[in-house]
Amino acid sequence: MNTFGKRFRCTTFGESHGRALGVVIDGCPPKIPLDESDIQPILDRRRPGTSDLVSLRREADRVEILSGVFEGRTTGAPIAMIVWNEDIRPSDYEDLREVFRPGHADYTYLARYGWRDHRGGGRSSGRETVARVAAGAVAMKCLGIRGITIQARVSGIHGASSRDAMEMEIVRARDRGDSVGGVVEIRVKGCPAGLGDPVFDKLDARLAYALMGIGAVKGVEIGEGFRAALLYGSENNDQMGKDGFTSNHAGGILGGISNGNEITIRIAVKPTPSISLPQQTIDIHGAEREIRIEGRHDPCIVPRVLPVAEAMTALVILDALLERDAYEAFRAHASG
Amino acid sequence: MNTFGKRFRCTTFGESHGRALGVVIDGCPPKIPLDESDIQPILDRRRPGTSDLVSLRREADRVEILSGVFEGRTTGAPIAMIVWNEDIRPSDYEDLREVFRPGHADYTYLARYGWRDHRGGGRSSGRETVARVAAGAVAMKCLGIRGITIQARVSGIHGASSRDAMEMEIVRARDRGDSVGGVVEIRVKGCPAGLGDPVFDKLDARLAYALMGIGAVKGVEIGEGFRAALLYGSENNDQMGKDGFTSNHAGGILGGISNGNEITIRIAVKPTPSISLPQQTIDIHGAEREIRIEGRHDPCIVPRVLPVAEAMTALVILDALLERDAYEAFRAHASG
Amino acid sequence: MNTFGKRFRCTTFGESHGRALGVVIDGCPPKIPLDESDIQPILDRRRPGTSDLVSLRREADRVEILSGVFEGRTTGAPIAMIVWNEDIRPSDYEDLREVFRPGHADYTYLARYGWRDHRGGGRSSGRETVARVAAGAVAMKCLGIRGITIQARVSGIHGASSRDAMEMEIVRARDRGDSVGGVVEIRVKGCPAGLGDPVFDKLDARLAYALMGIGAVKGVEIGEGFRAALLYGSENNDQMGKDGFTSNHAGGILGGISNGNEITIRIAVKPTPSISLPQQTIDIHGAEREIRIEGRHDPCIVPRVLPVAEAMTALVILDALLERDAYEAFRAHASG
Amino acid sequence: MNTFGKRFRCTTFGESHGRALGVVIDGCPPKIPLDESDIQPILDRRRPGTSDLVSLRREADRVEILSGVFEGRTTGAPIAMIVWNEDIRPSDYEDLREVFRPGHADYTYLARYGWRDHRGGGRSSGRETVARVAAGAVAMKCLGIRGITIQARVSGIHGASSRDAMEMEIVRARDRGDSVGGVVEIRVKGCPAGLGDPVFDKLDARLAYALMGIGAVKGVEIGEGFRAALLYGSENNDQMGKDGFTSNHAGGILGGISNGNEITIRIAVKPTPSISLPQQTIDIHGAEREIRIEGRHDPCIVPRVLPVAEAMTALVILDALLERDAYEAFRAHASG
């Protein structure tokens, strides 16, 4: 299943070391102003190689819109976008063809499909998020028209929370040949009350699905999250006054539906599994092997998760917005 | 959206104080032995009123299978199950018709649909989980045939983790007219490797969706969860030897696909919002009101979440299993 | 797959000789006035036993709304409706347990599911349409609010097209122990232009799916249908003037999207396969058998198809309407 | 909605005069041998310009596989395929920017989306079928592994049925500046019994949806189709003997499920609406206009419909096959 969303549906394709990555967006409202310049700057944020601290693969990652846009505006037809893979060195991976890298999807992918494209993780590579970010950029353009904005920030790296301490943790990990993870916080501003469904398709359930669906994410919290388990009801409830809610422990979602407050989410990002320290593993024949992952790897991918987390959040919010719109429209016509 | 699942699809209906709750299961494999006795004992576990410590509404919650089962086995046709509401006292709720209860979906439900059935939370009531638990019982029956079992337990209440301390926290909350939440741990045993998809439909993403979709759940973690953000890659990676993985930090899921290990999940349950302490709120006209929630309420719903969490987990695992089966079958036929 | 529709989704359940038939509607707009009296008269139209000419099974088919309606209006929650089976005589069918009736789904159902509920066709029975008609009645209520009406009529029986001649064909078939089919014409009035999608989800494709999905329907035509294959382009094109289209060869749909004209559809209904004349068949062991279908059977089910055809058409039109509404609403908000 | 299918899902994109057309296939079983040479010959069959009688636009229509195939076999990842538009002359269409061509989707597309890419019909162009045919070629490759083949043929043009008479009808239409339609017959051989569902997702309903979703198709029949309305039940029923069915009036589908016989379908193709004879129409301002469609147009597109009809049929059959496989696999594992 490589399609995300019910109304604003994104279908992604492409492998780390294949010819291209891309996405087809179906269900984008027509007449939205859109061109590549709305997408490229956001894509650039997820690109590696922008500082000493992150992976060295250098790619232009130039996005091209192939369809669905005419004279600078969306037409309602599917919007296909493509990014060609350029800096491919599959030979880097030849010695990984038969080995399962610890912490990677190599073993499980084989169990799922019976065989696999081993080059750089294939479809399981973090590079796949290029397509998500491109789709998210279109969603954000739509949300902007409605006054909704989304922002993610790194709130912790390996337990550190100040900018300097976080950087030091990354440097220390890199020098050890090891890696570190962290926590990302996402905030949605301007979201109207009434998005989401009361039962299965709760807005928080959809956000959890979207964000846990990012590789390396191992936990998702809304509002107080796990801290809510430590509070009394009287502490955790958000009371209301003439000007609305007087607190936001709920993180902007009540009973699965947005309440008009800022939506606040936290996600846990595991340390990247590619490390150069020696690790024990097996190969596809079951033989034990020692492995050291060489090559271009980030000691910490947390900063690169930010645009992906924003993109996935945007896809969820827009989908829920389009859904509620339909009811409103029905009522508006009926009463007219 | 009141349907859950792609292959084993459950559509639920019913309100807290309506005539009945129910579910229609579509996509259940045929020839599975099934009757009400497979479902009733599991439903009974979620029923309130089984101890002093929980809500006093007493309902038989007798499940009836209306279709899809013939001579004791499933036929492949949709399985409809119904539970009639009996102990309904809508007058209990008449004074809540125009008031938004803090921590409840009252306000957001109104924003979503323009009006609402205020009686006991209507569709947003925890009572809606009757239908999920019934559906989950059928899923568990199917999983049992394949040797997969699911078990949830309370791992903490308001910070306490021993049985006595947890009970004391609940008693103290009840005596204060307040409430407490906690943490539930879910374990899936016997799950084969290869379930789940590498991109959007990761098995952990689906579990997060399923479990965050339970009312009162505010956080979901897989394996180390948020603790993974504090570990080095070398600590968090699960290495492999001849007998498989030598640890299980990943919680049984790698790259979104099950790896054959036990799947471990933790969810945060907020304190129930219905408390008898006075709270500030507003009514539908915007006027400020003080509210005390009287009547039958649990000071802690965490124990009652267990069968619901097991049910939702079962629905996800079975769905993913049916999905992988299809590929295997295609290959088996092709090579035959 | 027992769910129909994308936005207004109907999930049906129940077998001919099971305990009940029913439907759960998900996605109905809130605040629509609705009670059983909107549905019962339409259900009554599909009931057998209303003249000498049709099947003798007598059932009250009393519909009950179990959820989703509060104080006479829809709430946005799923609407469950149920009809109990009363006049069940499963023993009528005991001798059919192991025999495949020609023209029925007995053989194919076994091939699909590996076994079957043989009583009266089980899930494959025409009785299953009770649930569709109930759902369609709710859809028609919604469409009525928007000024859209749907009407089906019998346009031919076994080649005859006048009322008297059609009746005579039915009588003659009954007297022979045989059966006849016919043609039904459906017209949708008041449908606005702009419903349907240009590629896969063309409005005519969805209508064809909906109507070919009625048991016994073997052909579907829109507008000129098969006659279009005999016309020149200059004859078949609908030209336009100041007052709109000057003809309606297209049957109200152009490029898969409604054009504001009346939508006209014709469907072919095969003669009911249950006949008392002797037929050759086999049983589940492969042995040859002669069969005569005794009991309560219609010599012609065409008149009973009318409410079902209207219901399925209503479900399609409403679904497409809700879909277009969403875009309009997005635009309205964006420009506001 | 630009996605077709439930398990083998094809999402298409691209406009007649945009940069490219393409499709992303999700859900293709892994390990199927596949490269461009499986697709190109089938694509070539739908290309215009291969005889005097059809449209003159000349395009290489060279298909490229961008993802999902590794070392000559499918991996289970989405298969993206692209065809670049080369012979684009948008200026041909500049004078059609504001005019509604009779019989085309111009007017309805505007009603649906509020504006449109007028160049060559944009998304509504027959050129969109390039993507369907490419997807269908992959489906046919999968079906071939299971011994299923699909073949379409022209069975009539403007009432003529011999090869010479059909050609003469096309020539006559071209010389008049007019166009003609016809009838296409599709046959599926080797399809096992048991594909399709008994209620909404009948195999014939899905075929009707798939084929009516081809532009210009106005009618679909299975087996006897509309002729069934003229037969007695005793004539239309297919009786059974030791060697299976003794006739095939049903066209291989009973109660919505394949019965193991050849599946036979007929579709009506309307005359292409682009004719050079003068026609009355209006423009987007409502002013009356006379129009003559100049340029590259087929007097008859029926032959070019063949590969599209085969492709859509293949998509339906494979989808239903994958669905039944899942149940079989579940049973196989359970009993093992």
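Quick notes
Chains here go by letter, A, B, C and D, matching the order in which they are written, and residues are numbered from 1 within each.
Definition applied: contacts are C-beta pairs under 8 Å (C-beta built on N, C-alpha and C of every residue); 3 or more make two chains touch, one makes a residue touch a chain.
Note that the coordinates shown come from a computational prediction; the quantities given were computed from them, not determined experimentally.
The chain pair A-D and the chain pair B-D differ in C-beta contact count, and the higher one is A-D.
Chain centres here are means of the Cα atoms, and by that rule the chain farthest away from chain A is C. For the pair chain B and chain D, the distance between C-alpha centroids works out to 43 Å. Chain B has its Cα centroid 25 Å from the Cα centroid of chain A.
Centre-to-centre separation of chain A and chain D, using mean CA positions: 36 Å. Contacts with at least two other chains are made by residues 1-3, 12, 30-31, 76-77, 112-114, 123, 198, 327, 331 of chain D.
Of all residues in chain D, only 1-4, 6, 12, 100, 102-105, 107-109, 111-114, 123-124, 128, 156, 158-159, 173, 176, 178-183, 192-202, 204-213, 215, 218-242, 246, 250-251, 253-260, 268-275, 277, 279-282, 286, 288, 324, 327, 331 touch chain C in the complex they form. Looking at the complex, you find that chain B touches chain C at residues 1-3, 9, 11-15, 18-22, 24, 26-27, 30-31, 64, 66-68, 70, 73, 75-80, 82, 112-117, 122-123. Interface residues of chain C, counted against chain A in their complex, comprise 7, 29-31, 76-77, 142, 145-146, 198, 321-323, 325-334.
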